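Note that chain A is present in both complexes that follow, paired respectively with chain B and with chain C.
This part shows the complex of A and B:
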């Protein structure tokens, strides 16, 4: 009974805070609403006796959402939420897509036949998971680790300010808007500014 | 709590994530939509482990893989946000539609 009430409370919290993510006026608040949603799902996992997964989800998301909040302050407009904020495009299409995907996945959950086999009592799932991680599923575990390492290297390579031979964005800067001018204007402009843009000494 | 209830909650979180990923203009808000979709998937995976696998730890391995996906998505997303801001001074999707025919 208590378990059921707790479950429904945290389910409602997970869905409500997930919805608030896209309704908050401040992106920092949106990040922390997302953290609330993740924490609620983590607690549901703990209630389902997947303690390790639930707690590691909360731990990981606590760190990630803090980084995300820092990103919001650094890059995005209106991080403090002083003004109302809606930055959406094709809102109605997105609402329809969201509702349709909810109905489709929920119908799958409601009407598909799944085997019923609860985790047995008295066995420690965390211990079993640890043995599995370093036993039969070692390859999966190692592959996940190498994938994360590759992601770290790729993140540094993409976001680095300097590449091996100079600025990282060299050659990838968007060209200026091409304006087609009448021929007379081009000749006049050339006569007005005949000097080349870069002087010969500038390459050193 | 039944498996059906858990899967409906997971579907609701997933649907909100789909809405967010499609509707938001800001790159970081799009990432939040993707994370919310993965959040629903993790809930579905965890509840399937708890109620249908008889406690086999392979069900939990699936959730571990999903968490790896989430970490990779976050790392790549943040790196791309930095990279595209540096090159195009863009923080919303509308600023990079020059490639659009």
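This part shows the complex of A and C:
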């Protein structure tokens, strides 16, 4: 009884907050409505006795949604993320895509055959998950993990303040410019305009 | 009987929260006065937090131009709730555990990961520059302390072969984790200071930002924010006592007494850092954390892994 009420309450919260994501008028609000939605799904996973998966989902999404909000705000040239904006564009296409994907997922839910066997007692889902991840599928997961790590280190190396073209806050000159232009011109240009920045918002 | 135990555990979380917060505020005042060379008045320091609370509650509430009122009101409550969840994951004595889950370490980690959300919202919501800088600072700080925090907790769970806290405590019956994994506790406490944005790592609320993320917060929100911050420190100290100092294990006295003593032993130095260690610049902290603390925490989990392999033979 309590289990059912909890399940329906958090299902409703997940759907409601998912809808609010697209009604929000700020990237920060949208990101945190999405976090609420994910947290509700995480709690449903805990109710399904996948405790580790549910908690780890909440743990990961807490950091990820914050980072997403910061990146979105940075890309929008809107430092506070409080300027009004809209989450929906190209409404007719969006409506068609939304209805079609809803019907597809709903059909899956109605017509797919789900296993009806209850999980046997005494099974530790965390242990089974660990054996699955680090047993038969170890090569796949470790390869993906190392690839992602390499990508992250590369991204940091490219965007680091102490980058390969010099300190980011000092302004920098790309190497190919140094080759094509006489050295004196480049130095003079760098002295006048140490950080040439084109604003994406300038033409809007 | 089981329901009774849960009620007692929940009540004990409430009691420990109130007592821990009060103790933290008291110690903070005492150490502050002692370091400043003023006369230490323990009885006055008992009343001072109440006086501050009454004065703050009675002051007129201030607001800003077009704040996000909902998230602004939510932030202190969220921080307090997360700290309480973290504390609920820590067993005070055998069986005395409010959040009796099989993955207690993960529950603690999940609650503490969301602290970044609470602090960022506190800084972002007032629509005011200095709090917002404080909020962004805390994201950089959070990305720096979270990995060492998670990794040293995983290392502490390795000898127990369990993610639940109670087996981690009992696995220290012969040797506490502080001895077995000498890197663990210092790294954990440093990450804990970041988590509670306290002392040297009080980056979002720094004086250079005139109060930072909580600059515009007044009234009850202000009081709740302060209480929640102290509760995060209490939760950090309690979890540290459980996973590194052997939790309730100890001779003669009941387990809960040992647990309280060990929590206080960790809580007092954490509080005192505010008066002994200067605040670290954000950029330096991020560099030190990624270049030194994260590699050290990986070394810690590596040592714990080798010990677990040797023990398994």
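The criterion applied here is as follows: the second predicted complex is superposed on the first by the 135 of 204 C-alpha atoms of A that agree within 3 Å, B and C clash if a C-alpha of one lies under 4 Å from a C-alpha of the other, contacts with A are read in each partner's own complex, and residues count from 1 in each chain.
In this section, contacts are C-beta pairs under 8 Å (C-beta built on N, C-alpha and C of every residue); 3 or more make two chains touch, one makes a residue touch a chain.
Here the structure is a predicted model, which means the values were calculated and not measured.
K.L.:
Looking at the overlay, does A:151 come into contact with chain B only (first), chain C only (second), both, or neither?
P.N.:
first
K.L.:
When both complexes are superposed, which of chain B and chain C contacts more residues belonging to chain A?
P.N.:
The larger set of chain A residues in touch belongs to B.
K.L.:
Applying the document's definition of touch, where does A:44 land relative to chain B and chain C: first, second, both, or neither?
P.N.:
The answer is first: A:44 touches chain B but not chain C.
K.L.:
In the overlay, answer first, second, both or neither for which of chain B and chain C A:70 touches.
P.N.:
Only chain C is touched by A:70; chain B is not.
K.L.:
State whether A:142 touches chain B only (first), chain C only (second), both chains, or neither.
P.N.:
neither
K.L.:
On the A-aligned overlay, A:28 touches which partner chain: chain B = first, chain C = second, or both, or neither?
P.N.:
second
K.L.:
Once the structures are superposed on A, label A:56 by its partner contacts, choosing first (chain B), second (chain C), both or neither.
P.N.:
In the superposition, A:56 contacts both chain B and chain C.
K.L.:
For A:102, decide between first (touching chain B), second (touching chain C), both and neither.
P.N.:
Touch status of A:102: first partner only.
K.L.:
Which positions of chain A sit in both the chain B and the chain C interface?
P.N.:
Shared contact residues on chain A (touching chain B in one complex, chain C in the other): 52, 56, 60, 67.
K.L.:
In the complex, go through chain B and note every residue touching chain A.
P.N.:
The contact residues of chain B facing chain A are 1, 3-20, 22-26, 28-29, 31-33, 35-36, 39-40, 42-44, 46-55, 57-58, 60-61, 63-65, 67-68, 70-72, 74-76, 78-83, 85-88, 91-94, 98.
K.L.:
Within the complex, which stretch of chain A touches chain B?
P.N.:
Against chain B, the touching part of chain A is residues 3-4, 7-8, 11, 14-15, 18-19, 21-22, 27, 30-31, 34, 37-38, 41, 44-45, 47-50, 52-54, 56-57, 60, 64, 67-68, 71-72, 75-77, 87-91, 93-95, 97-99, 101-103, 105-106, 108-110, 114-120, 123, 125, 128-129, 131-133, 137, 140-141, 144, 147-148, 151-152, 154-156, 158-159, 161, 168-169, 172-174.
K.L.:
Tell me, which parts of chain A touch chain C in their complex?
P.N.:
26, 28-29, 32, 35, 51-52, 55-56, 58-60, 62-63, 65-67, 69-70, 79-82, 124, 126
K.L.:
Spell out the part of chain C that touches chain A in their complex, as residue ranges.
P.N.:
66, 68, 71, 101-103, 106-107, 109-110, 113-114, 116-117, 120-121, 124, 127, 132, 136, 139, 142-143, 146, 163
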